[in-house]
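Just dropping this structure here.
For reference, chains read A, B and C in written order, and residue numbers begin at 1 within each chain.
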Amino acid sequence: MWSRANLFGALAFVAVAAAAPALPAWLVSLATIAFANALVVLGLVILWRAGLVPFGQALFYATGAYAVALLSRYAGWRDVFLLVAVGAAAAGVVAFLVGFLLARYRDIFFAMLSLAMSMILYGILVKTETLGSTDGFHVESGTFLGYEPHGRALNLALFWLVLGLSAVSAFLITLYFRTVAGALAMPARDNEIRLEFLGISVTRLIHLKLVISGILAGLGGALAALAVAHVDPNMAYWTTSGGFVFVTILAGVGSVAAAFVGSLVFELVRSIAIDLLPGFWQLILGSALLLTILFLPEGLGSLFYRLRRAPEKGS
Amino acid sequence: MLTTFAILTDGLVYAAYLFLVAVGLSLIFGVMKILNVTHGSFYAFGAYGAATAVGIYVERGWPDASGFLFMVLMAMAIGLVLGFVLERGVLRLVYGKDEVVIVLVTYAAFLILEDVIVLIWGPRSYGAYQPMVAAGSIEIGDLILSNYDIGLVAIAALVAVLSYWALKHTRYGRLLTVVIFDRETAAAFGINVTVVYTVTFIIGAMLGALGGAVMAPKISVTLGIGVEVIVLAFAVVAIGGMGSIEGALIGALIVGICRAAAVHLVPQLELFVIYAVMALVLIFRPYGLFTQAAPRKI
Amino acid sequence: MTAILSVHDLEKTFGSIVAARDITLEVPAQQTVGIIGANGAGKTTFINMITGHLRPTKGTIRLEDLDITGLPSREITRLGISRSFQVAQIFPSLTVFENMCAAAAAAGSNGAFARVLAPLKSPATIREADASIELFRIAAYRHALASTLPQGIRKLLDIAMAVVGSPRVLLLDEPTSGISVEEKFGVMDVVMSALKSRKLTVLFVEHDMEIVARFADRVLAFYDGTVIADGAPAAALADRRVQTLISGTKPDGEGHSHA
């Protein structure tokens, strides 16, 4: 059950957690957002492997975020574990409902319908006063099982929360990739007929993957809401979905680790680029994407595997 | 009664806008099977180019009519150059790859071009309202209609008729129709699909830029107009079906009227309505209202 | 004793085209039936109806006592009817071993969707997969990517995947198509001995009359959507109509015949 890659990953998570207090606050905050986003990317990887590229993961991301924000604001809930669990669950329910429709589509139509769904949410959020309309609203800082940290302590507490949940998710998804559903992603895309004749419903398989990716995206959104302490409709906008797709391209879908490392690197580079070369970030990102698609279609993560002697398959 | 009339006129004007913005995208989608995100850049470049053109003609004191023509021509020239550069330079490298990959490539190009706009025109907003003001307005009962808006509807109608006629009655148009229907068969018949692709993309770019140009006088030309427009154009094309001029027209009308109705009756639904219609159409007719589902080739 | 597979008055029309009509027959358990006929005669339509890919416009299909007419393919597979394909339907991105594991895992799930979350390479699945690989003598290709396999091995893999779920009835759609003449008999030998050892009822579509004569207990000859001959190979292949319309041999059986 514990492969070398799993062990290495677990150690990495522990090392990062231990190092956090020694790192500057801005870096810890950045890493917090990066890992929250990495969860969304992980969900995308699951679908991408099955040949599906959704352009509307922001639907689940925003659902998770707004669930946390609304419960915090109108029901007075403060405990982060509760909020995050409900946020992820809410997104999962949305994914389950939307999946009845979405799972019947493939290729570009899947992408477009997914986009339409997320834009419907966007439209609702923007125009509804109680949901904060265009400005969104502030999210009160959370409590951790009664403990209410502030300042640096809060900064670290949030980071460890995200890190912990990321580690758990990473582990679970690694297991998932060894199940029938996870391992047959590529075959499902290559040969639906054969799977059907083997007795497996590809539509239901995709529905399952949508729900898993929805839960992950909702978890990411819920964590982001707490970390940034703010939600706004832009979290449901198509450019947000696009952002997640970009990181997935850059990182590649070869491994679970790629989602986290890729996300972290992405946020770091973005921070630096916006600092040093304001006004060029989109140009840089667009160029990086173009180059990756043209020359490294398996993402930058694949570079790492080419350097190692015997790469684990889909660790 | 007044409300119904207002809904119809608003709807028609908005439909004209949507059609002009979407027709180029529909054409490219139909012929090349590419969901071209860069279309938003064509629109934006067209709008910015128009703003610059308006600045020039106003400064030189040209008459409004020729000024307007200048604005339109400038935008289409930009569209031509941009389309050519993109198709020959970028798209050519990814033909044959998975269609979703191509969409992502166009998205990457769009991002690059967004920053290029800032490099050329800076982060400030531009106004190009002169043509709109110059056109004046007319009164119909209690309603004041801008002549420019009426002109917009006329231009949209003209473009619709011209494109439709060109597709059905010119030799080149019929070539395009064949390629839309089945690229492989078209190539087997000796049609030079590579050239068709380049020309189609350029025409699509020019139409996109035209859309941006004629809308410039109505909006504030600023960063981000491309972003909003793309997803609207997608919605119209998804509804109407790819490669179908009639589809883009009907799609634009449906969305336009629905949106106008929402604005006047239930404002909260304004944004929701467009995407809800898109979702509904995709559910019942995933290929759009006016395309036949392509038979699956085994 | 009921036949394992029986069809009654089966018909399939597509608009004005009658692809199959008036098909009534029973197949006793463990019989091996060869199905012959020219292209377009209705053989694949017949198979597609039995395996749930097509819904008959008239008639019934029964698996022993169970009416399976119109059930979806997934159901029918679970009930115990499997098929192989004219063009081998395998997973090109996986190895032979992984293809077999996929088939074994799917078969083991027995319809419960929740079972898709079971590990792909569980000990039971691996045992099943290995057993099938041995049975069909493709062990040499165990770790080869399915996309790199020669045609004969592809077909064997395709059939092995259909068999791993322990079906009771197996339909083979042109098992030797695309395989060179020298290798056909070899492949069929492996297939038939494997299937006999599993006590399966087999229906196979074949264009090569010698293979049909060698391996079938019974021959069904299709022409124009219906069965024109049904009997032991010697009799059916000697049937006048079969010879005129299908195999094209001279009445005294000279020459290698092929439909």
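We adopt the following convention: contacts are C-beta pairs under 8 Å (C-beta built on N, C-alpha and C of every residue); 3 or more make two chains touch, one makes a residue touch a chain.
Source: prediction; values computed, not measured.
Chain nearest the geometric middle of the protein is A, using mean C-alpha positions. Distance from chain A peaks, on a Cα-centroid basis, for C. The two chains most heavily joined by C-beta contacts are A-B.
Measuring from the averaged C-alpha position of chain B to that of chain C gives a distance of 53 Å. With each centre defined as the average position of its C-alpha atoms, the distance from chain A to chain C rounds to 45 Å. For the pair chain A and chain B, the distance between mean C-alpha positions equals 33 Å. Of all the residues in chain B, the ones that touch chain A in their complex are 35, 90, 93-94, 99-101, 103-105, 107-116, 118-119, 123, 227, 231, 234-235, 238, 267-276, 278-279, 282-283, 286-287. Those residues of chain A whose C-beta lies close enough to touch chain B in the complex are 53, 101, 105, 107-109, 111-113, 115-117, 119-120, 122-124, 126-128, 238-239, 242, 245, 249, 279-283, 285-287, 289-290, 293-294, 297.
The touching residues of chain C, counted against chain A in their complex, run 51, 73-74, 77-78, 82-83, 89-94, 98, 102-103, 105-107, 109, 111, 113, 115-121, 161-162, 165.
Per the touch definition, chain A reaches chain C in the complex via residues 176, 178-184, 186-187, 190-191, 193-201, 204-205, 208.
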